[in-house]
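Next come two complexes built around subunit A: one with subunit B, the other with subunit C.
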Partner chain A sequence: MFVLAVQQGLNGLVLGSLYVLVALGLTLVYGVLVQINFAHADFVMIGAFSAYFVTHALHGDYLLSLAAAGAVGALLGYLVNAAIFAPLLGKGSELRPLIATIGVSVMLENGALALLGPVPYAFATRYSAEVIRFGPLYLTAQSVIILAVAATAIVLLHGFLRFTFLGKALRAVAQDRETAGLMGIAPDRLIMLTFIIGSALAGLGGALLAPVLVLTPFAGTSVIVKAFAIVIIGGFGNIEGTILAGLLVGLIEAMTTQVLDPGLIDIVVFGLLLAMLVIRPTGLIAERREENV
Partner chain B sequence: MRQIVCACGLLLTFLHTPALADGAARVVRIGALLPISGAGAYFGVQDREGIDLALDQLAKSPPGGARFDVHIEDSACSPLPATQAARRLLDGYRPDIIIGEECSDATLAVMPLVLQAGVPLLNAGSSALRITDPGNRETFRILPDEVMQGEDLANHAYRDLGARNAVLLHENTNAGIGNAAIFARRFAALGGKVVQTIGFGRDVNDFTAIATRIAALGPIDVIPTYTLEGQGLKITEALAQAGVVRGGGGHAVQLGTIWLPLGFDQQAGKAAEGYVRIVQFEPRDPRPVVQDFVAAFQAKFGHQPTHISAHAYDQIMLIADAVRRGAATPAAIRDRLAATRGFSGVTGSVVFDEHNQNVSRDTIHYVETEADGSFKPLDWK
Partner chain C sequence: MTPLLEATALDLAYGPVAVCRDLSFQVMAGEAVALIGANGAGKTTTLRAVAGLLAPRAGTLRFAGQTIDRLPSHARLGLGIALVPEGRRVFPFLTVRENLEMGGFRHRHQRRHVARLIERGFAWFPRLRERAGQRAGTLSGGEQQMLALARAMMSEPRLLCLDEPSLGLAPIVVQDIFRTIAAINRDGTSILLVEQNAHYAFATAVRGYVLRGGSIVAAGPTAALRSDERVRAAYLGGSVGASGGI
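Right after this comes the complex of A and B.
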């Protein structure tokens, strides 16, 4: 029983790490812009397909495709911010950019559908089939890559935000955009940087998810609902809370799968979400606006 | 002035009525409810190929001089889009007959609409029992229902594979739940034990935790799995990684019905080794009708047909057969379909019972996936 719990714990950590990468991009953008990017799911999907095509073009070098997917995500983030968010921010209703991202999402999904077709792509990397066993426990090499890349991305993001000038400036913009501007910080550039980092994380998350997902143009949708729940459970805009919530949701999913039908797991996850909203609406880690991002 | 406008309106209506605009050739209008988007979209892609080939061939030798026109609506393998698509077909296109849907939930949702409209529905992809039991007078199905498939699969699992225990995996849909329940009932009646039944939604992507759960149950003989292709791949991979199935060095054999297309084996690779499943089309079937179909399909599309393409082809050809026997209206097509005898399609023969269910069992073929991703037929009768 103990071994089984440890195995499901490992499964949950892997799943949670994937959720964290996707949710971090969402929460990062929210923390700085106080806006939700509904096209985030499609950045995940495009990251996944980028990894698929780069891997095939490079005859199986999946690790390089991770970097490519991150770069594609970053480029998408740049384009969407430059074309949609930046022109619409501060011009009338705050709903405009939000609704515009829904439009971007629909365009990307249908564009991908027209280009790639609806039939699921089978994306098994050479790491998917490589099973590492240690006693009664096992992990695939793909899972090890997911854990390692997610941990590295989290540490780098944390270090960037805490210890670099740009990171500190970004946090200053998140706290108070106008005052940050008065201190000589260019908020628009930092908003762009936030979008690029958040979208690169989505692309990277997509690349890591690609061998796990049923890879279709709608692949991102199945993950993004969980990512939204994680962002709310962790506290909107709260990086540490999102990491904690993502891992927690992954662990809950894996552990409850042991005893419940997977069809019922969402009830547990979204029950937790509702409980958080009622009992602790600020999220797992108490919201202190100045601590966000 | 008003009379001129009315006359122009009548003229335009006249010109836009397909049967009349075409001149002498009568047009048989076939509405198609196909999943073009969503998780079941691969059905739609493969259905279209079968339909296109059938239309090409019918255009060369039209039965009774009739021209066949197919109008496709995206029904997305889901009840709400399917009913909306059916409404668009019935109100806008006014078909003589409708083919589709692939998913049972969607087909069940559409059935009351076709009954009300008096337009026959010819189904070849949904297995839920209720589609033809009790069904309705307008709905026909050439696919073996879930009882025919499920009981047969349970019999073979118990007798031919020597299976004594099973874990059932199914998506939480009418078809998924129904198929699993029928297998379980028959398997238990034979003396087998269903250790666990695990249902999941179509939004589940990661099956590692489920595979871990199954691995913890000890040696399992068979794992009947009822899911669409995308999730089917992920389940097979996860079960192999957990060392549960033969493809991962384990003991269990995965079993499936017609949900997975030919080609699944190559996509899943070594993980699918030993997978036994029903396909309703065997491209190596020596009957001329099958070999002609395979050759024509290969020539037109450059790849082998799947059973889904074959079913779509058979649906159109069965309608053509009814038209050849003099059917000219929806009611007449329904009556001729019900009286079908001696039709030999590429997926097998068709004889409808009093509930419009095809009772021919020559449509059930078993295949087993080999380690290299190919498959071999199993001579199970």
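Right after this comes the complex of A and C.
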């Protein structure tokens, strides 16, 4: 019984790490721009397909495909910011870019549907079959990769934001864009950087999810809905809160899978979301709420 | 000698709200100039235009011989214009040291130089050294003003614009801050000062402009402005007995 609980805990951490990667991009962009990119879900999906094609069509290694997916995500983030958010920056229009990204999302999904069809793709890597045992516990090599990549990404992001000049400038832009400009920081460049980082994480998350996902052009949607819940539970724009909330949701999901029908998991997650909104509307780490990024 | 900063016939507006009309003023290299006027006269608006936070609707701004009207604030900082904004605007969730680092963003590739400039700020205001690792949002108003000033100086500007650095501060802190401003000016940095506290405005600046309802109504050496009746009226917004005390 105990072993089972620990095993499910491990599985929950793996799942949670994936959610964290996807949710971090949303939180970063929100923290810096107070905007939501609805096409983020499709960056996850396109990241997953990028990994699929690198491994299946080009016969590249899965680890290489992770890098490719991250790069594709970064490119998409760059384009969406350059086309939608940057031109409207500081023009006082909050709804227009939001709606435009919904349009981009619809275009990407239907474009992918036309190109790839509705039938789910089977994505197996040599790592999904390989099982690593730790005494009575086991993880697939894929899960170990997920944990390692996610942990590395989180540590790097944290270090970047805390200890580098550019990362601190990014936080300054999030806190007071106008004053950041007075410091000689070009806010538009850091906003671009935020999109690139956040979207690279989405692409990477997609590639890590791909082998466990039902891979269709709409694959991003199921993940993004949870990512939004995680961003809200973590306190919009709060990095630490998002990481905590992501791992928590992963754990809860893994635990409830044991006792509940999988179809009920979303009900549990969103029940938690509603409870959070009522009990702690400012998110898990309430006193740090105003620190966006 | 051409002025360091030269504003010619500036019209300033927020959307449809016209605020300043036909402003012309200059700051010479090394000079300290005061911009005075009652609440709502357009002082902050003028400084925002100089720093690049507000594009003028008409007129031109030249800095060190270069037209700067269309440059964004970050580019103007690169030319040597820094602003200590109204309300201090420290980054509340960055530490004191990180705030100073941001002020020195243009020197980010010369770490040692940034460290030296931070030391200079700490020497001006030892309180900041004690609070170096503390979040700026938790500082007192006076400490935040010291930080805002030290932060602006991190870029080693040629022109330092200050928007009411004495606002809401105890006299002893105000004294401290103005002593530093005077020292900065002595070291060669030009100053454009907006200040309600007439005593300090006239003690710091050699020349002044008086703004009223968005227009310059008087200009000249501060010694002359001090005794000008129009200045009194503009400064006190027409009402007798308000604070300021020339």
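As a convention for this text, the second predicted complex is superposed on the first by the 285 of 293 C-alpha atoms of A that agree within 3 Å, B and C clash if a C-alpha of one lies under 4 Å from a C-alpha of the other, contacts with A are read in each partner's own complex, and residues count from 1 in each chain.
One rule holds in what follows: a residue touches a chain if its C-beta (ideal position, glycine included) is under 8 Å from a C-beta of that chain, and two chains touch if they have at least 3 such contacts.
Every value quoted in this text rests on a predicted model; they were computed, and no experiment measured them.
Novice: Clash or fit: subunit B and subunit C on subunit A?
Specialist: Subunit B/subunit C on subunit A - fit side by side.
Novice: Which angle, in steps of 10°, is spanned at subunit A by subunit B and subunit C when each chain is reduced to its C-alpha centre?
Specialist: One gets 150 degrees for this angle.
Novice: Touching A:169, do we find subunit B (first), subunit C (second), both, or neither?
Specialist: Second partner only.
Novice: Which partner does A:262 reach: the first (subunit B), the second (subunit C), both, or neither?
Specialist: First partner only.
Novice: Let me test your reading of the model: by the given contact rule, A:161 touches which partner, first (subunit B), second (subunit C), both or neither?
Specialist: A:161: touches no partner chain.
Novice: Does subunit B (first) or subunit C (second) touch A:149, or do both, or does neither?
Specialist: In the superposition, A:149 touches no partner, neither subunit B nor subunit C.
Novice: Taking the superposition on A as described, I'd like to know which of subunit B and subunit C A:84 touches: first, second, both or neither.
Specialist: It touches nothing on subunit B or subunit C.
Novice: Is A:184 touching the first partner subunit B, the second partner subunit C, both, or neither of them?
Specialist: The answer is second: A:184 touches subunit C but not subunit B.
Novice: A:254 contacts which: subunit B (first), subunit C (second), both, neither?
Specialist: It touches subunit B, and subunit C stays clear.
Novice: Which value in Å is the smallest Cα separation between subunit B and subunit C when the structures are fitted on chain A?
Specialist: Superposed model gives a least subunit B-subunit C C-alpha distance of 38 Å.
Novice: Sort out for me which residues of subunit A touch subunit C in the complex.
Specialist: 165-166, 168-169, 171-172, 175-176, 178-187, 288, 290-291
Novice: Which of the residues in subunit A end up touching subunit B in this complex?
Specialist: Residues 4, 7-8, 11-12, 14-15, 113, 117-120, 122, 124, 128-129, 131, 138, 140, 143, 209, 212-216, 218, 222-223, 225, 253-254, 257-258, 261-263, 266 of subunit A touch subunit B in their complex.
Novice: Flag every residue of subunit C that touches subunit A in the complex, lowest number first.
Specialist: Residues 51-53, 72-74, 77-78, 82-83, 85, 89, 91-94, 98, 101-103, 105-106, 108, 151-152, 155.
Novice: Show which residues of subunit B lie in contact with subunit A when the two form their complex.
Specialist: 36-39, 41-42, 44-45, 172, 198-201, 203-206, 208-210, 212-213, 216, 229-231, 233-234, 237, 240-243, 248, 267-271
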